[in-house]
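Chains here go by letter, A, B, C and D, matching the order in which they are written, and residues are numbered from 1 within each.
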């Protein structure tokens, strides 16, 4: 309980800061939208194939915007050595992990809630009734991304060239999430239901649970000064 | 202390001699003694390298995991040295596995590269542990580098089963698994001479692996010792 | 290239790479040992001076 | 609060920043930590605060070995870095509320108001911290630690940014803090100032503790030790 209270406190602080600085959310949002246009120019999607390619394209957009968010994640703590102030305090490091993870999750979800419908509009898809399921799957995938991404953002925090290093170590480890989410989304878009993609959903949930636990347990070492 | 150094040195020497004998025997068995495969012909002999090298790579990554856990727990430089050394060897053997797979694939499938589950998986492992080595080299503070790398070593290893599962499912959705099927164990319906060749080569790789590992560990130890000597002389 | 060509290519690359790695290890090791010996010698001469 | 430090050493890469520091402090001591630039003052403070791990040696707080993993001990240590450790885009009040909550103290709005009034910042309470000058930020930090009341307070050169009344504020806070049995260690270059309020002085020189004694008046030993690294005598104890 203490853990959650501390995490809530930190998250409140981060959200207030984000509302005032508007650094991450706006850039992430515009980048995500921009990517949709770039994809359109790059692939020149024929209308009948859009539905097949939608999961991959959407996830590519989310991966990039999410990485953008992760690179900014600890920025508020780097200014003025606030990370030091947090580490000095009796705060449980697991709470710091939960707070930062939730922050990136919230930012990414806000972007996704706009970008997914935008994708449907821009590429003339009419399967609007599937959006709730698609958002639910995206939520699970995004959770997996944020969980592992937050751990690795903290691991690379003190490395040189960390903005470049982060995707380098993150993306290979992310492959289960990428594959599972794309397969689930594809199944929903094709058949309107998960059907045989159910094991993928289980894998995704398993990934989320495993690394959420690992993150809370291991973050004390990760963030150590 | 000098005596124990001498002893480990002699131990490594014996291990090296054993390894190279085993490698020579393995070469003979693999290239001469074992019969060509009924389906694939002589190209199948690459398998005598392929399987042992991927197994040693997996062993490496397991050792990285063990070393990382021990380091986070006890903070002994020795454990970090183990993780670092094993990662380096693991990357080498993974890279070799990919090269062998590719060379084997060319006559078998007609292409150098295909998105076969095993090849893809090996490539991902290579990416993960190259990232591990890069992370180490990009952090200046030695303790930080060791801690960060240890965390990555643990996470990477925990992720391997998940990656394995996902890549395997992903491929089996699109095409039936190629030659190596998981439901058919490798030792069923196989010529005993081929099995023996595989066994000898596996032994040779293990011996060679531990020989290289002990050399690499000693290198790390000497480097640590140099650092501590420099420190004890210190500027002030 | 016949099947044996591929086999020898694979064996050549693998054992070549392992040998190269082995020699580079040995070289790095002997360099490190040399440095260590130099340091130790410097240490001793320092102590003698004291 | 008692603190015992034994054989504390820290190396950065191949250079020793601190070597074999030993000392013990009793409740109520206000220590002036002196030394030229690069002597290792900040390193020593950060080691005690647990912000960097020592290469060798131990720190005991109240008889318990200090481990960063122990939140109950972390709670006892404050570190005042002038200008730092403040969220620029939170208001002063929000900053204080956040940190008191972080230290699991009930954030009584009245107490926060009083703390702000004590450092003469009450009228700026709802401005963003980014609008403060560095001296005011230092005052805000003083307010923060006066609320949190750590058993051991470390300060890293607080005088540089404070004006006359700020210095008075700081000094009366530190004196009061020590009288409650807490320990204060303050690193500074303003020798005459810190010597006025401290009751013990330490001199770090090239990573070693070259002088450590309770204050006396007059103090020839100190002048001698201090003169060793300041041959020109621009600053002296009197």
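Quick note on the criterion: a contact is a pair of C-beta atoms (placed from the backbone, for glycine too) under 8 Å apart; a residue touches a chain by one contact, two chains touch by 3 or more.
Not measured: the values here are computed from a predicted model.
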Quick one: which chain's Cα centre is the longest way from subunit B's?
D
On a C-alpha centroid basis, what's the spacing between subunit A and subunit C, in Å?
44
Computed distance of Cα centres, subunit C from subunit B, in Å:
19
Find the geometric centre of each of subunit A and subunit D from their Cα atoms only, then give the gap between the two centres in Å, rounded to an integer.
40
Between subunit B and subunit D, what's the gap in Å when you average each chain's C-alpha atoms?
51
Name the residues of subunit B that each touch 2 or more other chains.
140-141, 230
Two or more other chains in contact with one residue: find those residues in subunit D.
53
Could you run through all the chain pairs that touch each other?
A-B, A-D, B-C, B-D
In the complex of these two chains, what residues of subunit D are touching subunit A?
49-53, 68-69, 71-72, 74-75, 77-79, 81, 83-90, 94, 98-99, 101-104, 128
In the complex formed with subunit A, which residues of subunit B make contact?
72, 124, 127-128, 131-132, 134-135, 138-141, 144, 147-148, 150-152, 154-156, 158-159, 162-163, 165-167, 169-170, 173
Subunit A contacts subunit D in the complex at 6, 9, 13, 16-17, 20-21, 76, 79-82, 84-92, 220, 224-225
Under the definition above, what is the set of subunit D residues touching subunit B in their complex?
11-16, 19, 53, 206-208
Residues of subunit C defined as touching subunit B within the complex:
1, 3-4, 6-7, 9-11, 13-15, 17-18, 21-22, 25-26, 28-29, 32-33, 35-36, 39-40, 42-43, 46
